[in-house]
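Across the two complexes that follow, chain A remains constant while its partner is chain B and subsequently chain C.
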Partner chain A sequence: MAEKIDFSKVRFLIVDPNGLALQMLNDILAMLGANYVRRASDYDKAMAVIKEGGIDIVITERDLTPLSGIDMLDYIRKDPASRDRLLPVIVLTARSEEPFVIEARDHGANEFVAKPYTVDSLYKRLAAIIAFPRPYVNAPTYFGPERRRRQQPFNGPDRRGVDPNAPPR
Partner chain B sequence: MAGQKVQIIQPSGDLRKRAVNFKTGFGVVLSAGETQKLQTVVEKSSEKFVRDIGATLRKLREDLAALPEGETLTREMLQRVGNDAIDIKGLGGTFKFPLLTQIAKSLHDYVLQIKTPGAWNAVIVGHHIDALYVVLAQRITGFGGQVESELLVALRAASAKYK
Partner chain C sequence: MSDPAAGRKFQVINPPNLLKSKVGSGGFAMGAVDKAAKVIEGLRGEFEEIAKVEVVKLVAAANALVAQPTDLAKRDEVYKIAHELRGQGGSYGYPLVTRFGDQLCRYLDAADGLDAKSLVIVKATADAIAVVINSKVAGDGGDTGRALVAMLDKVLAQVKGE
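And then the complex of A and B:
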């Protein structure tokens, strides 16, 4: 029997300054069965919801005012006051060029979806976060989800210090 | 960094436990029927998209037309054009108007690189807005035909020439 995702059990915060984009995302989530969707059109309103807590997934545009979706990620991942540093965040943005993808990834985004998007592409990212959550990495210069997607054999030194069988450095 | 180990934190699994099951909801991998069902949401919003973007473009056209003779775009206008262009870029393809997305990207890229606004900038911005308006008014979904491809090439060439 195949696994299913019951979206009525998932609490969303969606953030986009464009009313039509926000409404469409809300409608897609409603069609999926989500019945807890908080909406915000700017950074401050989104942060108020995040600080309240009780959100499972954030989907945010990068370009917000007065601060950006990347600043929001920084708060969630790095701020000592953050209630949930592991809160999954999808950056859904029209800034789809490579530097913006790298920026979002390096600030700890779980997934990146470029606008214009298809419902299928968005769904795949949601399913990945819910059904196949990645481990998080806490390193001196990075906190966020594991950035390597493919598991490939690695024969180099165990700099992470996670392999009990690794030879001493 | 030497000696500072990296910590791997496994996700709690709480969300998976709550939401993943074998009875209700959408498949982890969408079936064709489920994709179709979700696509109806986009189709329902399509008319609103055409209305909203049409209104945005009309306003931009009016503001450009209202520029006094010899005046060019202000920084504030450029900012607004850039913001509207990125919105159209982000939405067009979702509503099956990928040509709108491409023209809007060309406009956004053009506006971004303007350092000191000059008379030509308003002309090039105006041509982009006219092109966006025509694509929307004619409901040119998909990438259009040869004329549309040539239009895009011409807009990019003009943008490169009149920086």
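And then the complex of A and C:
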């Protein structure tokens, strides 16, 4: 990807119970220019950071204790106490089987990266979140990034109720 | 249900892109992605040390499962260790750990009860992962790697063919 992105002002929260995996992700982000990376090894520590606020992007393993990365997504997207329901979340997990991809998507993950991963694949997901963010959808059973990625021509009426008061991107 | 708002089921929100304004453009030097990839190589030794401990646990868990095949906790323990190694091996230059770990997890997922034949496969795959780590069979493993893949394929074929 030719686009160069300055991550120095982006505040990351990375969550993984595996110390080496956490170290690796931290080092990769540092090499990409990130200056602000908070680390958490379990759900409770991660939630404490999220509740403080001020995080721009969360990168989390799915399998955490005592609750999961999916529970974290549920809090961020749905809980009335959530400070930022639009907070971008990348699920970076060894649970790469299709049901887990669908699960993460349906709970509002912005991106999904399967372990083992390459720096390039992670970078592309980060760039996608920043350069080409998807709109968010507020529906009776779902709140999160639009789950359709491919933009196809549609000539029918738009019934999805675009909010006329939403600020421009 | 005469409330017109009730018919509005979906709302699309286009939030302001605060992140884009934060990152600007032209940040890191070209090639930073490649440099970052080298970070992983720097952690390979640490992975090898941790993995050495984990494969001892994996083989012990597989042996325990062979001894008590109906014990679901023992099966879960094998799965947990294999799954963790599977998720990491490829990142640190050990794609065979990921390959064999994936095979083992899929087998445990699919196996409908572990009979004697299934246990042979579980044990052989756990042993193969241990060989990869203990002998540092990195990359495709060359002749050793091919021999391990062939050995596992043979075990699988034999067990299925019986």
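Simple rule for what comes next: the second predicted complex is superposed on the first by the 151 of 169 C-alpha atoms of A that agree within 3 Å, B and C clash if a C-alpha of one lies under 4 Å from a C-alpha of the other, contacts with A are read in each partner's own complex, and residues count from 1 in each chain.
Simple rule for what comes next: a residue touches a chain if its C-beta (ideal position, glycine included) is under 8 Å from a C-beta of that chain, and two chains touch if they have at least 3 such contacts.
Since we're looking at a predicted model, the values are computed, not measured.
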| message | A:Lys78 in the overlay: touching chain B, chain C, both, or neither? Say first, second, both or neither. | response | neither
| query | Once the shared chain is lined up, is A:Arg39 touching chain B (first), chain C (second), both, or neither of them? | reply | neither
| Overlapping contact positions on chain A, where the chain C interface meets the chain B interface | 3-10, 18, 20-21, 23-24, 27-28, 31-33, 56-57, 86, 88, 93-94, 115-120, 123, 129-131, 133, 135-140, 146, 159-162
| field | Residues of chain A touching chain C in the complex | value | 3-10, 18, 20-21, 23-24, 27-28, 31-33, 56-57, 86, 88, 93-94, 96, 115-120, 123, 129-131, 133, 135-140, 146, 159-163, 166-169
| task | Using the touch rule from the top, collect the residues of chain B that touch chain A in their complex. | result | 1, 4-13, 15-16, 18-30, 35, 37-42, 44-45, 48-49, 52, 86-87, 89-95, 98, 101
| query | In their complex, what parts of chain C are in touch with chain A? | reply | 8-20, 22-28, 30, 32-37, 39-40, 42-43, 46-47, 50, 83-84, 86-92, 95, 98
| task | Give every residue of chain A touching chain B within the complex, in rising order. | result | 1-10, 18-21, 23-24, 27-28, 31-33, 56-57, 63, 86, 88, 93-95, 115-120, 123, 127, 129-131, 133-141, 146, 159-162
